[in-house]
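The letters A, B, C and D name the chains in turn, as written, and every chain counts its residues from 1.
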Amino acid sequence: ANNFFLLAGPCAIESEEMALRIAEKVVSITDALQIPYVFKGSFKKANRSRIDSFTGIGDEKALKILKKVSKTFQVPTVTDIHEVSDAAMAAEYVDILQIPAFLVRQTDLVVAAANTGKVVNLKKGQFMSPESMQHAVKKVTDSGNDQVMITDRGTMFGYQDMIVDFRGIPTMKQYAPTVLDVTHSLQQPNQSVGVTGGRPEMIGTIARAGIATGVDGLFIETHFDPANAKSDGANMLDLNRLEKLLTDLVAIRKTINQL
Amino acid sequence: ANNFFLLAGPCAIESEEMALRIAEKVVSITDALQIPYVFKGSFKKANRSRIDSFTGIGDEKALKILKKVSKTFQVPTVTDIHEVSDAAMAAEYVDILQIPAFLVRQTDLVVAAANTGKVVNLKKGQFMSPESMQHAVKKVTDSGNDQVMITDRGTMFGYQDMIVDFRGIPTMKQYAPTVLDVTHSLQQPNQSVGVTGGRPEMIGTIARAGIATGVDGLFIETHFDPANAKSDGANMLDLNRLEKLLTDLVAIRKTINQL
Amino acid sequence: ANNFFLLAGPCAIESEEMALRIAEKVVSITDALQIPYVFKGSFKKANRSRIDSFTGIGDEKALKILKKVSKTFQVPTVTDIHEVSDAAMAAEYVDILQIPAFLVRQTDLVVAAANTGKVVNLKKGQFMSPESMQHAVKKVTDSGNDQVMITDRGTMFGYQDMIVDFRGIPTMKQYAPTVLDVTHSLQQPNQSVGVTGGRPEMIGTIARAGIATGVDGLFIETHFDPANAKSDGANMLDLNRLEKLLTDLVAIRKTINQL
Amino acid sequence: ANNFFLLAGPCAIESEEMALRIAEKVVSITDALQIPYVFKGSFKKANRSRIDSFTGIGDEKALKILKKVSKTFQVPTVTDIHEVSDAAMAAEYVDILQIPAFLVRQTDLVVAAANTGKVVNLKKGQFMSPESMQHAVKKVTDSGNDQVMITDRGTMFGYQDMIVDFRGIPTMKQYAPTVLDVTHSLQQPNQSVGVTGGRPEMIGTIARAGIATGVDGLFIETHFDPANAKSDGANMLDLNRLEKLLTDLVAIRKTINQL
C-alpha cells in the first residue's frame, strides 16, 4: 500500500543454488513487509577495474538462473546489459533491463533496451547531474517505451569518493520513478589497489535519507557472505541485516506517506 | 522528549521590531511542537562577496536586541563571531558563540570562543571533511570547555554548487552534537553576479534527510519576507511555511526515535 | 626531432570532401613544423546527450573515408569504438583504436581493441584518477599488445565543469605515452539545454600547460567552421588558428627539451 | 626584463638566523637570474588543523626579523594577516600584506589591509572560482588602493585533494597581477592524522604549467631542511633545488615572452 519497492540480490549470479537461497530469503522478508520485490543479478560484469576481476559464469547460464528465480518465487527480475546485442538476449529472460551508469550516455544501448518493450532502468552516470537524466529518459520514451525508471548510484566527489545529492531525488522523480542504489553510492573508487572500496556501515544512513526524501524504490546488493562475494563485496549488505533495515525503512515510509 | 532542537532566526539582525516579531512567531510554533529553540541572529556580516552588501546595524545595537529577544521569550540565543575580540563582547549578550565555516580553522578565534565558557557552535568548513571536524572540536575541549557542537552547512561541489554529505552526520555525532544548517547548505556560491544563489525549494528535502539520519538539531534562517531580507534571502525559509515543515519533521523524528 | 605528436581532425566524419580538406590543411602545417600527425575522425557518435544529436553518416562509409585520408596523405588515422564488434571492423581501416572515456572501464571492449594488434588509445574516464589508468593499460598489455597510449580529457569538477589535473601528466607517463585532449577537457557538461558547452578561448592556455608539463602528444578537434560542425562545435579549434597555436607550442617544446 | 617575480621564504619565521640564511641564498639565486624577489614569512600561523601545531615565535619578534631581512638584502617582504588589528601592525614592518585563502571573504580584513596603503596580496579561497576573485579585488580598489594582486593556491577537489585550474590564470589576470602558489596548491588536506599532506615531487610540474600559462609571479615556500620545518614541511621545496627550478622556469618564460 504505497510502499517503496526493492531491487535486491547478489551483484553477479555466481550459481543457481546461491541465487535461489538469496531470493528465498529476500522474498520471505519483503512479503512480510509488503514491499514489492524485484530480484537483481548481473549475468556478466564488463566494467571491472582489473582484467583479473571476476566477470561471470557464462551469459546464458546466468540468464537461465534469473528466469528460474522468477518462476520459482513469482518475482520480476532485473539485469544489466553492456552492448546492443545484449538487449534482445537478456529481454528473453528478465523483466527489467538496466543500463549501467558508465553506459547511460550510449544512445544505441539505451534505444536497444527501449525497443525490447521491457522496463528500462537507467542508472545515473557518476558524472551526470540529476537534471541531465531527463535526456536519457527521453531517449527511452521517444523510442515508444514509457516504462522507464532512474536509479541514482551517487556522484563522483574528488577521485576517491562518491556522494549522494539528495536534491536529485525530487528532481529526477519529475522524469520517472526514482530508485536509490545504496550499495554503489557508497563506493570509494580509484583506490590504489585497483579494487573499489566502500563504507557499508553507512547503508542504513543513506537508505533512511532516501526514504525520507521520497524515493520510489531502493537498490541493495546483498549476500549471505559479503566478504566472499565474487564482486562488489566492499559495500554489500549482509543478508542477515536486511530484515531489520527494511523494517525500519517501512516505518519511516509510513510516516512520510501521512505527511 | 528527545526531540531535535532548532537554531532559527533571520540572517542578520535588521531591527528590534523585526527580531521580536520573528522570535515570537517561532517561539509559538516550537512551544507547540516541543522543540527546544535557540534564537539566531548575526550582529554583523563580515564575509559578504561584495563590499556593497549589507553588513549590519551596529555591533552593540544588534547584540542588545539579541539580549532583549532572550529575555522577552526566555530563549537562548546564538550569534557568530569573526575576530578574537568579538568573543568576549558577544559572550556578554548571547548563550552560544558560533564560528563561521570560513573561520573554523582559525585556532585563535576558536580558543577565544571556548575561553568565554559559552557553548561553541563550530560550523564545518565547506572545504573540510566530517572527520576533520574532530580537530576543531578538540581545540574547544582542550581549552577546558566541553560545551561544543558542530553544524554542517554543506561542502563545496565544483565552483557553483554545494552538497550535503549525509555520511557526515553519524561521523560528526561521534565528536559532538551535530546540527544541519538547511539554509546555507543549499547555497550556490560563486555566481557571476557576486551574490550567492540558492535552491530554497529543497529545504524540506534536505531537512527530512537530516532528521532521518539522526541530526541533533536544525539550523534554519527564516524571515517574514525572504525576498526583502537584507542578506541571504536566496535560501531563507518563508516564516509562514515553518510550522508545516517542523510538524512534518517532528513526525519523522518520533518514528526514528522508535527504531 | 623529439617533438610532440598530434591527433587532430573533425569530431565526426561528415563527408569525404570535408575530411580531405581538413587533412590537407593539417598535414601542410604539421609537415612544416615537423609534428608527427595522426588524422582523427569518429565514424559514429554513440554517446550524445540527446537522441536527436547527429550520430554519423554510416559506419562503413565513414571508415572508408578514414582509409582514403590515410592513403592520400600518408598519415596514420585514429577512430573511436563503442562495442566489441566495432574493434575488428574499424581495425581494417585505421591504425589506432580509441576507447572513449565513458567506456574505458569496459574490459571486453578494451581487450577486443587490444586483440586487433592495432595501437590502443585509452581515454581517461572523467571519473578516474590518473593512477587508476594503470589498470586500463594493463588490460591491453596483458592481452599481448604493448602499443598503448593514454589520453587525458579532463576530470569532472562539480556537475557542470571539468578540470585538467596536470599532476596526472607525469603520473600517467609512467604507464604509457600520454596525450592531452585540449578539446574535450574544456567541455562544460550537464548544461540545461542538453548540449555540452565549452570554453574554446582556453585552448591555448591548456595546450601550453600540457606541453610545459611534458605531454607526448596533443589531441585537438578542428574544423574550418566550428560553429556549423555537426558535433562538439563548442570546443573545436578554428582550423585557421591551428598554425599559430602549434608554432607557439613547438617553441615551448624545444625549450622544455633542453632543460 | 619582463621576467616573473618570486615570493619565497620559509612558511613561518622560526628564527632570525634561519630567515637571514634563507634570504641570502634566495637573493643570490634570483639576482643571477634577474627575478624580482620578495621575501615571504608568516609572523604567526593562526589556521592550523590542530591546537598543538606550531603557531609562531611572537608577533613583534617575527615582524622585526622581516624588517631586518628587508634592510639587509634590500628586498621587499610579505606576510599574512588574520585579524583587522594585524593590518596596521604588520604594515609597519612589511611591504605586502597577504590575506590568507580562508579569510579572503572577510570584508573587514581586506579593507583594513587596503587602508594601510601597502600592496595587498589576496589568496584565492580554496572554495572560490577564479571569476569570484574580481569581487575581492574590488574591495581593495574601492578602498582607494590600486596595489593589489591575486595568488592562486589551488581549489578543493573532494575532501582530500586540491587541484589547480589553469583556466583561472588568464581569468584572474584580467583583475590583477596573478601569482601561482606552488606550495599550497599541492596540499592534500583533511588527512586522517590532522596534518595536511602533500606532493612536493609535483612542484616542478605545477610551476612549469604556471609559467606556460602566463602567471606574473610564483609563490614558493622553501627551507634548507623541509623535513624539520616547523610548519608546512610536506610541500616545501628543498632550498638546494631552487636554483635549478628557477633556471628552467626562466628559460620557459623567455620563450613565452617571444610568442
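Just so we're on the same page, a residue touches a chain if its C-beta (ideal position, glycine included) is under 8 Å from a C-beta of that chain, and two chains touch if they have at least 3 such contacts.
Note that the coordinates shown come from a computational prediction; the quantities given were computed from them, not determined experimentally.
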Quiz item: Counting one step for each move to a touching chain, how far apart are chain A and chain C?
Solution: 1
Practice problem: Give the chains in contact with both chain A and chain B, ordered by label. | Solution: C, D
Quiz item: Taking all residue numbers at the chain C to chain D contact, is the shared part over half or under half, that is, same or different?
Solution: same
Practice problem: Determine, among A-B, C-D or B-D, the equivalent of interface A-C; equivalence here requires over half of the contact pairs to be the same by residue number. | Solution: B-D
Exercise. Calculate how many whole Å lie between the centre of chain B and the centre of chain D, each centre taken as the average of the chain's C-alpha atoms.
Key: 33
Quiz item: When the C-alpha atoms of chain C and chain D are each averaged to a single point, how far apart are the two points in Å?
Solution: 37
Exercise. Report, in whole Å, the distance between the mean C-alpha point of chain A and the mean C-alpha point of chain D.
Key: 48
Exercise. Scan chain C for residues touching two or more other chains and write them down.
Key: 155, 157, 159-160
Quiz prompt | chain C - residues contacting chain A, complex | solution = 46-51, 53, 55, 82-85, 102-103, 105-109, 111, 125-129, 131-132, 134-135, 138-139, 142-143, 155-156, 159-160, 189-190, 192, 194
Self-check item: Contact set on chain A toward chain B in their complex
Solution: 155, 157, 163-167, 169-170, 186, 199, 202, 205-206, 208-209, 211-214, 248, 251-252, 254-256, 258-259
Quiz prompt | Complex contact set, residues of chain B against chain C | solution = 157-161
